[in-house]
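The letters A, B, C and D name the chains in turn, as written, and every chain counts its residues from 1.
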């Protein structure tokens, strides 16, 4: 089998092993970039290859663009990571020994995420998500400060419970499918499940979904399952914060959506949409309020990730072509923008030597380029035009207000509350009398501005194939 | 030819108000003095005052600016133009349509604006006090005045003074309660605008509650003459306005012959003379108010005018 | 499936549930570890029985792992940790044993309520197993949140995971079960390792929030 | 054609913005960028004017950009052409002013790129023909101005202003978003053409109206949504303040008109009642706030609130007449509102330019520390005086014309068959009269304190007049104030197609009327002729002066101040701005603003100075925003505890959620 799919999985897996053996960090970083780049090439090649469908793997409209997105953000993050890690080594926050783990784990995580995305088997999907989670757990704790260990431990425990619950949900899915489809692998193949969904037992399917929702919801970071997320983002190395927010959350949401489609195919099941709407709104409002009292800049954006996952969950919960379209677009853009923000924040924290918001002021005076990057990122993430997130929020708010006015009002209130908090904090960081060191930056701006440029482009002009693609998936999502 | 005739008629009105204004002031002063058991100045004393002031050297503070010098002329010009646009002996004069009632009120506001600024020009405490209070009075009087305009225009269906006068003469207006209330309100406003007792005492500037006189405290010579003349014109203007709005009988309306004009003129002069006599009588009967009593006085005017509007609605049916 | 097969499976699964309740009831760490070891042994028996009944001999691997790793190795390791770290032998329960047990009974009722109406196409075996397994899972979770000690919480998690294995093996012909049970064992090893290496003693539940101030930059008073 | 030119202008503005970033550090950059702005806005102005006059309108241009599936669309109709005129005129003036004024900018990179971007945003709003393009441009405009407000970011108060501004702006945008959501319906007909065609049920129409009122009203500065405006407008550099106050509020009004008159197009009586009432209250409160200010630019910003109120009264009246099929008065009210839009942009830009000149010359924004500038800055003084007179609605200047027309519309009000409107119209008329009187007082205070009297500080004593470009911009605007006040007829005719598009009627043709008078409805009803009034004023004033100087005396002697015989050489005994407004403050403001005046008198024999302090509470803050922000802050504080729970408690949350969901499943069917 020489399909790009093989390379997609094999390259990061092989890189994991290889990087575990390489001690020199420069070579490691370079290899990391190369492997990520090769993965990206493989992912793009998927577009041109035939669609794959076996009981184990599947490539369809939905996951193909997520695969490309994941590979792309993984690639840019690896570039960012190279300069970032160099600085960390310089100041002695990390040692070369740990870097070996770091790069290996990075590739392991990419491999796991790719696995989760392309697997047709719900068990394998679960495996992928969990491996990705566990590899990030270790990276979160890599600084070995008490805070980092605390965060990693919290992540680990909550993650494990999530893993367990999601697994129970997966068992239930198998149980519900087995009498209809028969024993063995086919009963776990997602496309077969979807095709036979109408014949399943509604009650058990609903029960399964609850466990899957809580299990994967923990990974998505929906309130009240979110507790690991802010600390993990804040205490780990910034490239990991970027991929956590940019990719892992997406992968978990992707998993949940697959199951949502399954339930949507069945008329008698639980009203999944309503539950997702409720969780989405809770996450949105909750994180909106939480943003106000944040003192750590990375934790601030971690909460903003919760907020945006809430928005997406709301969008998919609403369903319908427009809201689904908005949700998918939001998913894509959140990946791009939030990782871009973390790129900026990472460098800012490095040049200022702190993550405390109160100690970073007047950035636009001391480091104008970083400040512009951060400002654009915040503008983009706050859903202001001309960036793409405005488009998704526009579609979401308008379409849901026409259907569910009250819910849309709550949504709007949540958006506004979160916006107020974000701007409040960011104005302090960007403007005012500067403090802290004003030294030079050794930063890789390219990933940052490439991401922002893409987000900008999405706001002004979405290419026709992309639109059709999103529409097709939106229709699938129901 | 007709054009020239019209121009002459319009010019005549301009000259008329200018000529008669100091005399009206003289009459009020004389009557007031008599009521106070003084002999009082001669009736023509205001003319002499203005004449004398015009020939005196103007003394200005070192800091006085061009605004200070220009204001008296602007004040005089606005007041004069406003006064000349109000029908006196005849309606429908050549330029009568170039400003309606609202515009005339606003024209006076322009003069007041300039004068208040001039009061602040030299930077004295007295000037500031005067301007400040003048603007307070204006802000109290203008809403009441607007409601007066509102009511009158509702009755007459227009804000054009000539048209209102014609409507009042020919139209079937009858005796309306609203109009009575509005008249009352208008008189209050007029008293306030002309700095008469009980709002202000025109005869003194050595009292702490003075308004108008405080503003013009620094003026002297020809500038003061202009201001005095403008004050006299303004009084005449309000008399004419009252006559035009509420007692327009006798005015030349359709007939534009010199005879009709003469009759109109006679009616006009006797009416404003009557008002010039009545004003001091009312003035001697009341005492000057404290500044912070003004809202009560002018608020009364406003309430009356508002009542008039609502009564008019009732009488016209909803 | 014969009635005997059913009865034995039922008995073993029921035994696990009883042991779960017993776990909730314990108030001393060492006793908890012992009960847990017992539960693991019962689990391995149940899995072995399923392997035998379904004729899926690969499940024996799972049974063996359960027996060795969870029945002996991990309890022994935890025992050592408790001694080495000098953790309080008394378990600090958040709520008393009585209310905990009542809650546990409520959870069992809920799981029965949830699973029993399901009958379309699902074999009775799977269904009974499922109800017990769900109950074990919920009880494990309950244990995690009613204990303040890291070790007992890990025990709760492992008990939860026992329930998962029970459910997975009960699902006839489910792929990947063995692999996943291995993965879970690694996960557990991780957590034990974590406690040991990072000395996460009371970290799990530091009630004294002031003590966290040193660690958490986020702790904020009013700005 | 105008559409293409308009689009080209937007692109050119954006290019200028990018250019500004590139060359920003260069010394001549301001001149280049402002020069570009002048050129572009002149082109935009020309094309808008041409479009309006030649009726070359209503072409539609589909853009390949914007919303997927439907794409973006642009269109210029009469309404947008008129507002494009206003915007580009403001841009032109600001550009000319900026060539001179912009040289003094300390950090040009914080200002230069954003002004063209800001203008691009405003232009684009006016051309948008679908909801998405409209909102993108709208928010882009907010964003650009937000950064401009932060130009002087080191001042704490500016940061606060910018914050409140951007949050309020976003709230407004979200309201508009909801409104468009309702108009578009669940199937997403986001194009304005689709919205226009869809007949909205009254409930939806009402809801859209309310949302538009809040959304556009918050941008325009309707009380009580005005709170950001007096903070944000003064914080920006003065020519930007001019754009914000003079132009951006107009774009907001455009948004309101577009939605209510064009897209919904079914005004009901209750809607007009609300608009009229809010307009009246806004006018009076706005100017009353303005009276209480000591900061020149803040005073001007509050006065913008007043004028927005006047415009909204006009719009409300137009809605009322529309709702009752009184087409001609509706056209009058609409034209009055639109004319005031234009006029206000003239004099408010002028005044902000003047204020900028004063601030630049003296470094002071506090008018209590200025004074006597008429002698130091004679040119600025003249134009500022004209602006003050115009905004105080004094004939023969332009502010009077539009207010006079609004009054004419109000006088028709009693013919409305709706009892609520019948009663509210005269009330609002009185409110407007009050506002006009206050405005006069306010600007007497402003001009008197800043330009007249004696200089209170050294800064004011050493001020100097500004550069030629700034003066040219100001003189040009002053000339426009005069021109549109004296011959408003052609302007009214120019507005006829706009009014016709919105209310299906127009005012009588003005161009044929003798002597260039204006007639709102019929000559017998009312008319006004600024030209004749002006010539009368000039004739009589000049005549009198000549006569006196010729036949009496022109002898003049300079001497010390007389001051009734008690001259006090001290500068501080001059009447200050706050003492000037004391009577009005006591009479009107005491209850409304809960004003607290305290005087601390030192005991006899003490050398300490006496202190007077004045506290003014804004009821909007006190009753709405204050509690609102406190509630959010408190809720955030309460929820913040969730950041510091132990892992066990977090697990408890997960568990609880799981149990709830399980119970839901158990209870399901």
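In this text, a contact is a pair of C-beta atoms (placed from the backbone, for glycine too) under 8 Å apart; a residue touches a chain by one contact, two chains touch by 3 or more.
Since the model is a prediction, treat every value here as computed from it, not as a measurement.
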item: Pair sharing more residue contacts (C-beta pairs) when B-D is set against C-D; value: B-D
item: Centre-most chain [mean C-alpha coordinates]; value: D
item: Centroid spacing, where centroids are CA-atom means, of subunit B and subunit D in whole angstrom; value: 35
item: Whole-Å separation of chain centres (CA-atom averages), subunit A against subunit B; value: 77
item: Approximate Å spacing (C-alpha centroids) for the pair subunit C, subunit D; value: 68
item: Rounded Å distance, subunit A centre to subunit D centre (Cα mean); value: 44
item: Touching two or more other chains - residue numbers and ranges from subunit D; value: 637, 640, 643, 647, 651, 658, 662, 665
item: Contacts with 2+ other chains: residues of subunit C; value: 114, 141, 144, 153, 203-204, 216, 218, 220
item: Residues of subunit B engaged with two or more neighbouring chains; value: none
item: Subunit D residues within the subunit B interface of the complex; value: 371-372, 374-375, 378, 381, 385, 389, 392-395, 400, 404, 407-408, 410-411, 414, 419, 422-423, 426-427, 429-434, 436-438, 440-441, 443-445, 447-449, 452-454, 515, 517, 523-529, 532-533, 536-538, 540-541, 544-545, 548, 552-564, 567-568, 571, 573-576, 579-584, 586-588
item: Of all residues in subunit C, those that touch subunit D in their complex; value: 94, 107, 110, 113-114, 138, 141-142, 144-145, 147-148, 153, 203-207, 209, 212, 216, 218-220, 222
item: Touching residues on subunit C, where the partner in the complex is subunit A; value: 114-115, 117-122, 126, 130, 133-134, 137, 141, 144, 153, 157, 160-161, 163-164, 167-168, 171-176, 179-180, 183, 187, 190-191, 194, 198, 200, 203-204, 214-218, 220, 223
item: For the subunit A and subunit C complex, residues of the former touching the latter; value: 121, 123-124, 127, 130, 134, 146-147, 149-150, 153, 156-157, 160-161, 163-165, 167-168, 171-172, 174-176, 178-180, 183-185, 187-188, 201, 203-204, 207, 230, 234, 293-296, 299, 355-356
item: Residue ranges of subunit D touching subunit C (in the complex, touch as defined); value: 637, 640, 643-644, 646-649, 651-652, 655, 658-659, 662-663, 665-666
